[in-house]
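Listed below are the structures to be examined.
Same chain, two partners: subunit A is paired with subunit B first, then with subunit C.
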Partner chain A sequence: MRHNLHLQIGPASFRIGSAWAAPIRALSALYQDYPQAELPCDFTVRLEPQKPWRRWLRPSVSIAGDYVLPGAAPLPLEHGLLAAEMGMNLQMALGQKRLLLLHAATVERGGRALVMTGESGAGKSTLAALLGESGWRLLGDEFALLDPDTGLLHPFPRAVSLKNGAIAVLEGKVAADRFGPLLVGTPKGHIRHLRPNREAIERAREPARPALILFPRFGADLPEAVRGVGAAEAFVRLTQASTNYGHLGLRGFEALTRLVTQTEARAIDYHQTATALRLVETLWAEDAA
Partner chain B sequence: MRGGAALLVRLLRNPIAAERIGPEAWSEVIAAARAESLLGSLASRLGGMPLPAKLGALLDDARRDAERARVQALWEAEMARRALARLEVPVVLLKGTAYVAAGLSAGVGRSIGDLDILVPHHRLQAVQAALIDAGWEWVKEDGYDDLYYRRWMHELPPLIHRERDRMIDVHHTILPLTARRRPSAAALIAASERLGNGLRVLAPADMIVHAAAHLFADGDLAGGLRNLWDIDRLVRDFGARQGFWTELEQRARLHQLLGPVARSLRLSAALYGTSVDIALAGPARLSDRMYIRRLLARDGWGRATRPAVRLAFYIRSHWLRMPPLLLARHLWVKARR
Partner chain C sequence: MAGPRYTADPPGAMPTVELNGLTALFHVRSGMTHILAAPAPQILALLAEGPTTRETILARLTDRFAVESEGDVLELLEARLSELENAGLVWRS
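Right, the complex of A and B next:
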């Protein structure tokens, strides 16, 4: 395809082709500091018109590539950057066959990793982005990649996908040149991508040992609470958070068993980001140290 | 033609060519191989070759994934065997599951989706009841689809297992009842061979006849490169056996599939370099080139190319499957949804 780009994000490399120039331009600006992709690329993503005339006429981007979700709705061309991100996520979710993929945000300090997983809207991305600006290294806001051979977590530091209220929170803390364009009115509301800081990108091939698993839950009227989570519950919740647990077979089972038996797990409820950040630091001091 | 399916075929045919392929072109081969469900086969074919580390790791993943698919397919076959054991009906495994169960080269690295089995037509009711008893459920709720399958197709409407989420296609013959060619399902079952666990696979010649029927007398050649690769591997496994080619000709004739078998041998020889019996394959035909154009219609981005050729084969597939009036009615019902 005429417009294309290679990207290396943590252990995975992507080849992204597009029928339009704009999404590739936006991607290469957002990912400007990333290392050169290792070839051959692990995954191919295509942004293409659903029907030939939709290239010009009310252009809409359909997400294709090695792995596709049949029936996924196309996005308007203004949201081409989001389409590319979704395309890359999809390849990882459906195509990752070596590392156990957990839908989780991960940060690291002192070689040890904090894994946060929860429903969409639990605040994973926001917490990871904030921690990543305050003494932690961001490993990723979307996927934690557990290596069945070593038990270590590989970073996947793609651009953080900030939604709605979280955008202003981070805009107050991070230099403007690390943000992508504001995408207005996407299926998930307003979205703005944030490029992780230099350290997160430079150390993107450096794995970390899991030390604490948190299951955060956010609610405007949710009282602050901390609860211990046993290995069995953590196991079940993490299988639900994994897109390829079944696919990895015995390797996936063993990797996850090792993770939950060797790592403390806690569920936290919060209604303010500041509360969550405080709880993270307290629990980290108790459990991970 | 550069990249894409043509390069993939060249590598499958001659792995030594891998040494001369650059990293950019590998990205293209991998995308095309995934789109054609041939990455596992390619990875197995290139096993043991000295390749760059990144490529080697990628192919390792594909081999491991194919091994998982093999184990899962065998387990699913075992589940079906247990569900049907008390019926004492012959259960013949077909396609990918049969290849791995029989330990054939065609199964090495192969992607395997649904479980396909063949059972005698007069036992369909009992088989269906036993499967539903053991946790399989109907996928299609639509009345027309259900009726269509039962009246005209060579298989039951697909069933899916409610816990394992795996599909089973229960065949009672190998081509739709509407097709002009009428293979003998009874002969397929009678000649089938028993495996250690009591499940069965088609006899070698019938296996190739079925693969050819699947490729040329049924579908629109979607996934055709993979199906043709099956044929190449089967012929390499069986071709040197005493009397094999006579047997293949007799079985192809019996099942009214001489033309498709001959065509599959010619195309397999042309694309994959298979050694075939010249007499049975027959002389090259002009139309073979159309088939090859269709089979190679995939670029290095994994995109389907040559839409006109694809459309022609799509129309042909329906033409082969149904008499014109039934086809018109079928398309009418589908279009009104």
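Right, the complex of A and C next:
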């Protein structure tokens, strides 16, 4: 394609090609500290015009690659960066065949990892981003990569996708040059991407052992609550949070049952981010230390 | 007249892991994962030894797992066998 970028993010490499310069320019700026991937890459993402003339006329970006979602709506060119990010997510979600992929945010401290998984809107990305700026190493805000051979979690520190209210929370804590452009009016509202700090990027090939699984739930009227989650419930919820559990067969079963039998799990309800951060530290001290 | 004989795959084809009183089972042939409550795992363990009638299953369950054999236990066993058949873990031979 006319414009290309090769990115190494943790154990996965991506070749992102685009018919337009702007998405690759935005992506290069956002991922400026990341190593360039060697060819051939594991996954290919292509940002293409929906029809040839739509490269110029009301340009709209279709996401293509090794794996595609039929019927996925194209995005306007000003959201090209989001299209690239969605494309990388899609290739990983559908194409990852070796590592068990959980839709979860993960941070690490002292070689041990905290896994946070929950419904969209549970605050995983916000909590992971905040913890990543306060003594924890960000492993990833979107996917936890569980290695069936070792039981370790591999980092996948892509840019953190901050949405709506979370944007201002992080803008108050992180230098402006680590943010991508503000994307207004996307299908998920306002989005701004945050580049993880240097430690997260430089240690992106360093896995961590899972030590605590949290199922956060956010609600404006939700009273603060903590409850234990048994291994069976954790297992079922994590199979639902995985995009490739079925593909991995027996390896996936063994990896996930090992994870839930060896790792404490808790559910937390919160209505303020500060509460969630306090609960994380308290539970970490109780369960994982 | 003797009733049907039930069969299940051998344990190596259905690895299990205990999860807080429940049992996670991976059925290798279908690639399906099942979460089982007692006495389903015990029934599968018995059937793995070879085709068995429901009366023999009940007798062995009573003997090995201290299952009460009074009341409508045979009916309950039949219901569990039917569920396991529907899940593809047990069949009649």
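By our rule, the second predicted complex is superposed on the first by the 288 of 289 C-alpha atoms of A that agree within 3 Å, B and C clash if a C-alpha of one lies under 4 Å from a C-alpha of the other, contacts with A are read in each partner's own complex, and residues count from 1 in each chain.
Note that in this section contacts are C-beta pairs under 8 Å (C-beta built on N, C-alpha and C of every residue); 3 or more make two chains touch, one makes a residue touch a chain.
In this text, all values refer to a predicted model and were calculated from it rather than measured experimentally.
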When the two structures are overlaid on chain A, which partner does A:T261 contact: first (subunit B), second (subunit C), both, or neither? second
So in the superposed three-chain picture, is A:F253 touching just subunit B, just subunit C, both, or none of them (first/second/both/neither)? second
Would you sort A:M1 into first (subunit B), second (subunit C), both or neither based on which partner it touches? first
When the two structures are overlaid on chain A, which partner does A:A29 contact: first (subunit B), second (subunit C), both, or neither? neither
So, does A:R15 touch the first partner subunit B, the second partner subunit C, both, or neither? first
Regarding the shared-chain residue A:A73, is it in contact with subunit B (first), subunit C (second), both, or neither? neither
Residues of subunit A that lie at the interface with subunit B and also at the interface with subunit C: 249
Subunit C touches which residues of subunit A in the complex? 230-232, 235-236, 239, 245-246, 249-250, 253-254, 257, 260-261
Contact footprint of subunit A on subunit C as seen in their complex: 15, 17, 19-22, 24, 26, 28, 31, 33, 35
Complex contacts: residues of subunit A adjacent to subunit B: 1, 15, 17, 38-42, 44, 46, 48, 64-67, 97-98, 247-249
Subunit B residues touching subunit A - in the complex, by the definition given at the top: 23-24, 26-27, 29-31, 34-35, 54-55, 57-58, 60-62, 64-65, 68, 71-72, 301-303
